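First the structure, which I've put down as structure tokens, then a few questions once you've had a look.
Per-chain numbering from 1; labels A, B and C assigned in written order.
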Amino acid sequence: MTAPQIEVFLQTLIAGFLLGGLYALIGIGMTLIMGVMKIINLAHGELMMVSMYIAYWLFTLFGLDPYLSVFVATPVMFFIGVGLQKFLITPVLKVDSILPENQVILTVGIGMVLSSLAMLFFKSDYRSTPVSYATSAWYLGDYWKGSPIELSLSVPWTVSFVFALAITAGLWFFLTKTDTGKSVRATSQDPQAALMMGVNVDRMRMLTFGLGSALVGAAGCLFIPIYYLYPSLGGQFTLIAFVITIIGGLGSTAGAIIGGIILGVFESMTATYIGMGWAPVGRFAVFVAALIFLPGGVASLARKRKLGK
Amino acid sequence: MLDVKNISMFFGGLAALSNVSFSVVEGEILALIGPNGAGKTTLFNVVNGFYKPSHGDIFFNGTRISNIKTHRICRLGIARTFQVVRPLQRMSVLDNVIASAFMRAADKKRAEEIAMDILQFTGLYDDRNVISKGLPLGKRKRLEIARALATQPTMLLLDESFAGLNPSELNESIDIIRKIKAKGITMMIIEHHMKVIMAISDRIIVLNYGQKIAEGTPLEIGRNPQVIEAYLGEATNA
Amino acid sequence: MKRYLPLFCLALLAVVPLVGLNSYLMHILILFVMWSVIGMSWNLLGGYCGQVSFGHAAFFGVGAYTAGILYTKTGLSAWWGLPLSIVAVTLVALVMGFIVLRLRGPYFALATLAIGEVLRVTAENLTNLTNGDVGIMIQERTWVEKIWYYYIILAVAAITFYLVRAVIQSKLGYYFVAIREDQDAAESLGINTTLYKTIALTLSAAITGMAGAFYTNYMGYIDPKVVFALHDISIVAIMVVMVGGVATFWGPVVGSIIMILMAEMIRSVPMLGTAHQTFFGALLIFIIIFLPNGIVGDFKKLRRLVGLGRPS
């Protein structure tokens, strides 16, 4: 490979990695919900869209930096999530129907309502938050004068990535070190047993849905400095989240991180070497391959290793 | 008729079955007993093709069945019932049985005939139009047997078909088992109810922790000290 | 009486245009019949066999593009797309079935959704075959009058109705429902579940594909965003059945009437036009919570709900 080729390759890899970190955050929210409730939340991306609008209006009306809006939008999304679980999803879990997929279809309905309400109120305009640092970057040449290749690191992408890491670390702490977090994990592993151990499963479900929504909400705030916002943006992120969950393995937080990064790098590579338009196809190719060849996701590989097989 | 040779089944690192071998002779009722978690249902799942054994082979009338799919095993003549009853919930009792009768019926008319016969045979004829979700447990257990019979098996695997029955239902079911035996159908049954086991089985195999610890006639098993220690003591106390 | 209901409805639908409906009303009628066809086909796979597909747009789109590409590439009439789409869509369904039918429940649903999206993006990018986003335009329309299009789709609908009914009352139908109710139990009763799921998928796909080929002929223009649409095709297909009645013969027909009327009513209100999905979504949520088996499936429950509202 010649120097420019290496440059393109490394730059693509970096971009993929940064994207992957954000994807991971979206994926973790999804995998939590799937793990605890065994349902797929197809309104996941739409919840992120809602959060992005919150961040957008906070910026446009009050000039609040999108990164600071994380602290506003995330709690708001938490309560929206709890409300959805309490008033819509829980009742459906109790209804007898021919198709067990009713819960999944319900979340589709929720997603449709959210995205078309956004369309009604905000029109289908593309919006963005023109922050001052939107296009600034760090260049390798500035730090290492004799570098044979030139690489750059976008400031907003990097900041978003670091935020995503911090939130993930916080979540990990919550799930492994706090009693509530442990209850969530117990519910995920065996709801029957958790119930008998005195865990309030219904409350854990509400908490989990809230938490999943909050995480994707945070991801929305981190995406808005680097992405355009429009009402129908949710759908593709729902799919991304689902693909990550499948790659990573259902209910596995670590798996979701790995899955997010795999997907980010893969998409970035497809976009560079095959063409922008094909990136979604690459996404689904990974998805279908994971479904067929790795039904338990990355997490299942780790588990096998542990048993010494 | 059925030859199980050195079957082992691992889940993760745990052995649910280890090196189990036995044969079932045509026409007999072979009971499979053992404490909970001994691997009885796992053994059924292996014979019936839900699980592929980690080691060993199973032959049915000389055909190796340990590597073929469940529906083909059924076609070869092995039918089963489930411990947790699994009727096709939203279908009527009759439709449940018709659905299984189709396997050997040329057309719907024939399938209906088979199904009607079997419903009379199992005493479910009067309930034929009930949606199976609404049946009481005793009858659902019997529906499981009816469904399995409708595939016209030569061998029947019954997984706790007597659990949870009241005394009169129990006697009815024992009668049905005897009638099935009279038809020449070979049976393997998993059962906890020792009275039933002693009354109907020709031979008994005892499993404990996935291993076969004894095999013999009911009388022999009743005298085996190892079995008494592992299982019978616990069951008679219960 | 009940035996002749389908015939009676068919006859009624056949004479309705003769009273002289205007072009707009004919359009509504055609859409209604077309969506009944799609709904009936979805119901075969989703309602009876229990395999909830979120990707019927894949079949609709492939059917539509079979007709469209046939016209642009060979110069043959796009009507040949109707029979040919059966071949093309069957092939797609077989490949797709191989991938997705090993999955269960929600995984199946999402895999079908993903494949539908893959096909849309593929159609957008394979520009020399599909013209990409520009779409395909059928230059010369076969008829100016809508009535002939109407009779063609009505014939397709009638065939579909009787086909679905014949299938459901046969061995296939028993097997489909057995698979829906309990796949493992079905397998242990000697049912080759993979084979019968593939049959259900292929049948369902072929019918939806024909509707797609019809759409190309009728509308005279297709592009990937329209015929491979997730919300406006795949989800509406689900809704037609959910609203009307899951696993009922008449459900898709009733659902189609309601969905089409609702869509048109919303469209006629200028402010709300863009937001028809809000109402679709809200209707979907309402149906799932209160009438999970649809209007036909939960008719008794519906009467009770309405009865509660009446002072008696």
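In this section, contacts are C-beta pairs under 8 Å (C-beta built on N, C-alpha and C of every residue); 3 or more make two chains touch, one makes a residue touch a chain.
What you see is a predicted model, and the numbers here were worked out from it, not measured in a lab.
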**Q.** Chains most often in contact, by C-beta pairs
**A.** A-C
(Q) Taking the mean of each chain's Cα atoms, which chain ends up nearest the overall Cα mean? (A) C
Q: Report the inter-chain centroid distance for subunit A and subunit C in whole angstrom, where each centroid is the mean of the CA atoms.
A: 32
Q | Whole-Å separation of chain centres (CA-atom averages), subunit A against subunit B | A | 47
Q. If you average the Cα atoms of subunit B and of subunit C to get two centres, how far apart are those centres in Å?
A. 43
Q: Would you pick out the residues of subunit B that each touch at least 2 other chains?
A: 90
**Q.** For subunit A, residues that touch 2 or more chains besides their own
**A.** 98
Q) Considering subunit C alone, which of its residues make contact with at least two other chains? A) none
**Q.** subunit C residues touching subunit B - in the complex, by the definition given at the top
**A.** 169-171, 174-175, 177-178, 181-182, 184-193
**Q.** subunit C partner contacts - residues on subunit B that touch it in the complex
**A.** 48, 50, 69-72, 74-75, 79-80, 82, 86-91, 95, 98-100, 102-103, 108, 111, 147-148, 150-151
**Q.** Contact set on subunit A toward subunit C in their complex
**A.** 39-40, 42, 88, 91-92, 95-102, 104-106, 108-117, 119-120, 124, 235, 239, 242-243, 246, 275, 277-278, 280-281, 284-285, 287-288, 291-292
Q.
Under the stated contact criterion, what part of subunit C meets subunit A in this complex?
A. 46-47, 50, 52, 54, 99, 102-103, 105-107, 109-111, 113-115, 117-118, 121-122, 124-125, 180, 230-231, 235, 238, 242, 246-247, 272, 274-278, 280-285, 288-289, 292-293, 297
